[in-house]
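Two complexes come next, and they have one chain in common, chain A, joined by chain B in the first and chain C in the second.
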Partner chain A sequence: MDELQSLMHGFAVALTLQNVLLMFLGIVLGVLIGVLPGLGGANGIAILLPLTFTMSPTSAIIMLSCIYWGALFGGAITSILFNIPGEPWSVATTFDGHPMAQQGRAGEALTAAFTGSFIGAFFAVVMITFLAPLVAEFALKFGPPEYFAVYLLAFCSFVGMGKGSPWKTIAAMMLGFGLAAVGMDTVTGQLRLTFGSTELLRGVDFLVVVIGLFGIGEILLTMEEGLEFKGRSAKINARVVFQTWAQLPKFWATSLRACLIGCWMGVTPGGATPASFMSYGVAKQISKNGHNFGKGEMEGVVAPETAAHAAGTAALLPMLALGIPGSPTAAVLLGGLLIWGLQPGPLLFVEQKDFVWGLIASMYLGNIVGLIVVLTTVPLFAAILRIPFSIIAPVIIVVCAIGAYTVNNAMLDVWLMMLFGVVGYVFKKLDYPMAPMVLALVLGDRAEDSFRQSMLMSQGSVSILWSNWLVGGISTAALLLLLWPFISALRERRRRVVL
Partner chain B sequence: MNNQASSRTPAGTRVPGTWQRRLRIVSSVLGLTGLLASLPLVDSAHAQAWEPTRTVEFIVPAGTGGGADQMARLIQGIIQKNGLMKQPIIVVNKGGGAGAEGFLEIKGAKGDPHKIVITLSNLFTTALSTATFDWTEFTPVTMMALDQFVLWVNAKNNAKTAKEFLEQVRAGGGKMRMGGTGARQEDQIITVSIERATGVKFIYIPFKGGGEVATQLVGGHVDATVNNPIEAVAQWRAGALKPLCVFDDERMPYKARLTESMSWNDVPTCREAGVPTDYVMLRGIFMPGGVTPAQRDYYAGVMRRVRETPEWKKFIEDGAFNPSALEGDAFVKWLTRTKEEHRGLMKEAGWVTK
Partner chain C sequence: MGQPEKDHRGVVDTATMEIVVAALFFAFAAVVMFDSYRLGAAWGSDGPEPGYFPFYTGLIIAIASVVLLVQGVRLCRQPRAAFVERGQFKDVLVVLLPALGYVLAIEFVGIYLASACYIAVFMVFLGHYTWKRGVTVGVSVGLFAFVLFERWFSIPLPKGFIERALGF
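Take a look at the complex of A and B:
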């Protein structure tokens, strides 16, 4: 076992007192970054990157990657407590996490989210340790048609989300696609829907919309319903962690699926956000409790969090092995590698053994440290819900506004956030689903780019989506998932006819 | 480009320690000028004493992780590490609309000496295609380097030279795919130039970033790319890609072996290889219009000292940049000429009408 020996060597590199301290520091900073909406892992690392220039590359990457783990963990906290996703990949966590908090089960939801994250990350690190070259090879098979098929799969696995009118789902999704189209078109280089405004050149940022829809929208709803958080009566005790752990083993199938989806999406640069949505959608369709999703089902927290963290971790593999970042945060880390004089790519594993295995060892250690740090804070965070609404609401609005501003350092985004707050409120009142709109906004332009790149490649023939077993398999799976509700409805009817 | 030799370092000076000494000399000289400047008698020297009074915003008209972003963050790191500025400098990405967002902010900040911007070719391409700004509305500070473009193919391709590859493209009857970053930006300009110079046809497929483009070539989803050296060097060293020619009028100067048999210097120029096309990309620093010469000279001085550091030299060599550095009139002349070249190329491609 060559890898095991290298890994042990890596532990020796990573386990110095200084590095362990840096790990703790990184995790705490990361959790803070994750909690603040808008200040994402990518921004946080970019800001802190210059501080690490004086450290050795190994110490620097350990600290920065721990910030990354911390941000992955931290994103779930505000999603569950306030329905405000701290990071894009925690949007799907709000669907069941926040209802749980409203039922007074915030502690359980947080524990489930953190533990799920840890399991996802651990699964991905083990994969990186033993399968790195194979996985890197697999990632290379993905060209534009394959990407489009993956995005299609994400959309299709999510179609089952809409419980209400399918027309409302479609309307919401189209609005999302429309918003995603604002800005410059990658394929032709032309401006779309900017109405001559320079501020709209950068497009409508997904995070700004999400902060508005979920955060501000939630505040508006709560105000109407009597100025009180429903989670106020939450019972808080330190044993909640162990009580929740006792319930988790029964979700093993969902967790395993989430790990696989996460690793796959992380390696092929789909990233953590689509992974979390796809995992949630698949869990909802396959699980026995699927019909309860959205009402506070713990499984609905485990599925997206596990997948997001597995994807976030797996995203580092193509960065190290191929020099292509699987996520925006990985892109900033990549910049760091170059500044420290390391050349990411296939030879990194050969030429910089200390660095690579030190980093991989720190992934194990960092996630264990991370789990300890966040779990000890569960009662603390759950206690926030006991603060009276009249105090916490203005704080949330300020934090949201800062978050929206931080995304692009632009005031327009704060106004957009307010606007989408109202949109979120109206959506809720008229019973339009928000999830399809969010999904279309986050994946819309990437799906469009890869579709048009495919069409350029094939000179306009859709058959390119079935041009080899890989892309054909994903496309077919996507269509099956899309038609699944119809198929099962048909089967149901036939069975009834027979009876 | 004419200034190449002056900024290239003789190998002998790359001994550790010499740099610090030189830096110390430079800083003591600067200190002396500072002292002189504080004398009220010398009016012109007084003007030179300008220094930022608050945090400087360093705008990157591109997203995080790309070439311009990496360079800006390196400059920020070098400035902080060596204490080259008293006020902090922070990097801000404004990449919307192919960089128009960042440039329009600089355009709107007329007279503000606390904003600087790093440019890539979108200083010309985005300016021409959106017609919302022009480099003459900014204050040119200095050219930091020129980024090279190399014609890459997959290592499995049996073409040994650029000429052989173009024969393949010709035989492919316009079905071969060229991958590049963005639409109507530098990569597509080069593609169109090759097509015009040699009469072959490519299908150009735009992607979002250079790293992605290189990976698509490794995976065989496109047939060629014109990646910058730094974006593809790792794949070259691993034997997945091979360089056919560099789009510059001279070979790259770096002779250190990168693969078993080749250095950057062994890559022929495209002209030598029978593809009469060249293109280099500006990596330069600009300020908003309407700032004083003293303010401009301050940043030019800081950047000069950045270029003297060993970290910068290493970065330039690793990325196989063309280490040209121009300031003042020579820089303005270069900018004027390069913009006209872009206008010509983009007009012929039918992307701009005037």
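Take a look at the complex of A and C:
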């Protein structure tokens, strides 16, 4: 039970007055980010990241991860009250959450959503507590080929598990790798893709790209949809909360399934959004109330919210243990670790025990704080949503511009942000996935380094990726995932020919 | 924003946009491959040359973009769907163009004044607020940002003549 001891130590690190205050601040900011259109977990953290450079890494990550929890909670508020998913992973929550609000059961729906989120996150944190150290210990034996194979697996699984066109996934992902190559090559010191510009020496910062894609792009989309906030009012009082809690235990099977789906989708880079849809779909098929789904069934709120939160939390496991983030938001947090001078990956568990266990402990505390905050402040956030879009939109663009500028104190970054805003808008409309692009941009250099080192080890032969059972197994799985969309398309075509 | 009398005619159809984006991907791939080739994309005396990894990145983008281009051309034969309708496009431009003007203004007058003006103009012309309210909100946000970044976080943001005149 080494983990429990480490965890207790972590609580000691996390439970200072300053850190607890930062937790509250983070959650409130996070819910705000989750509620407002155009600001989400990933770019909200990207904007705030430069402000944390002066804090100690532990305090900084506690605040930033709390923003993440807050954003996860916040998405549910807009879905249920306004039928507008504040975040992509809360789309499935609108299906039953909004009908419940229309029937005057908004308080119940919100309580169910928040409690489900809390349970999902808690389940995932427990999994991280016991699994992450094991994974890290295992990964300590990894050499460059193993690392490259794991990167390959992560990226191929985007292609294999994505819903859209595999070619679009590949193109977007490789665009990320291409952008990551801009600037000085870390190994040889050569300048790549800078074309004589000193401004491009720094490279294209992924924070700027994230702010553009998810911030500006989202604002443009929101404008196009001509959003009007027509919300239901919400009152949550203690009676509603306890009444709802009394009903929740009968959904234990749905919750458990949602937790498992969420953890699985979070660890593999599927992410919270598909997890929430999958969990909703499975619950609809299995539950005996399935035929009522879509008409305001509480189970239909619990299922996607629990899974989304479990996935969102589980996405931090590969980030901590392997240095491979499971979601764009985790990727931004990973970028933060690099900026604070921490090398994400298995060594973190050996060299930075305080940091890792402080973070894990803060996940427990942050979610408890989160549940309390959201249950008590819903009316406040619902009121914020009633501020007209013509005030919110320019303010968000100003916030994004400041965020992009502070990354490197460069105006070029603000222009790049606008450019990627347009890219984000077009990509969203044409169904190009953005998550693989962001992940490729963050991991590009590391993936390239491990590839180069592997190639040096083998004198340029790709066979090193099959040199032992472990690396061979991972590489083969990666290739299968990569080819999966094409295999299934072929099978589909053959079946059609037979019919 | 949500006026009912929106213009529903398409500005450009989805198939055309697919082709344009695929072509842009190809152009990006060409640039990446060209520059990587210039740096050396082969196997040098001390291992892979600096352009080795990016070259293949570019190559994969090029292949993917050609496939997407072909798929886009095929899409042309199907019934056309609008990528964006005129009314929607107008709404998007109404946000995008002032935002670009705002970024340009930052270059000249600093971020605080530019932000205050941008918010005020946006509120008055798009939100149909009175100038008084627009300017109040704009100036408050500008001042708040100034105090937040210059005083509390000591993060220098771009400043213009006003800040300089005040001695910052």
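Heads up, the rule we're going with is that the second predicted complex is superposed on the first by the 271 of 499 C-alpha atoms of A that agree within 3 Å, B and C clash if a C-alpha of one lies under 4 Å from a C-alpha of the other, contacts with A are read in each partner's own complex, and residues count from 1 in each chain.
FYI, a contact is a pair of C-beta atoms (placed from the backbone, for glycine too) under 8 Å apart; a residue touches a chain by one contact, two chains touch by 3 or more.
Remember, it's a predicted structure, so these values are computed and weren't measured experimentally.
Once chain A of one complex is fitted onto chain A of the other, the partner contacts of A:Gly473 are absent, as it touches neither chain B nor chain C. Once chain A of one complex is fitted onto chain A of the other, the partner contacts of A:Leu456 extend to both chain B and chain C.
Legend: residue contacts after superposition of the two complexes on their common chain; A:Gly178 is shown touching chain C, with no touch to chain B.
Contact with chain C, but none with chain B, is seen for A:Ile402 once the two complexes are overlaid on the shared chain.
Looking at the shared chain after the overlay, A:Lys141 reaches chain B, while chain C stays out of its contact range. Shared-chain residue A:Pro133: touches no atom of chain B or chain C.
Looking at the shared chain after the overlay, A:Thr188 reaches both chain B and chain C.
With the contact threshold set out at the top, residues 50, 54, 185, 187-188, 409, 456 of chain A are in contact with chain B in one structure and with chain C in the other.
Interface of chain A with chain C (complex): residues 50-51, 54, 165, 167-168, 170-171, 174-175, 177-178, 181, 185, 187-188, 190, 192-193, 195, 216, 219-220, 223-228, 388-391, 393-395, 397-398, 401-402, 405-406, 409, 411, 414-415, 418, 421-422, 425-426, 429-430, 432, 448, 451-452, 455-456, 460.
The touching residues of chain A, counted against chain B in their complex, run 42, 46-47, 49-50, 53-54, 139-144, 183-189, 191, 194, 198, 201-203, 269, 318, 322-325, 328, 331-332, 334-335, 338-339, 341, 343-348, 408-409, 449, 453, 456-457, 459. Across the complex, chain A is touched by residues 1-3, 6, 14, 17-18, 21-22, 25, 28-29, 31-32, 35-36, 39, 43, 47-54, 57-58, 60-61, 64-65, 67-68, 71, 83-84, 88-89, 91-92, 94-96, 99-100, 102-103, 106-107, 111, 115, 118-119, 122-123, 126-129, 137, 141, 145, 149, 153, 155-158 of chain C. Touching chain A in their complex are the following residues of chain B: 64-65, 69-70, 73-74, 76-77, 80-81, 90-92, 94-98, 100-101, 104, 129-130, 132, 175, 177, 182-185, 203-209, 211-212, 214-216, 218-221, 230, 233-235, 237-238, 240, 314-315, 318, 351.
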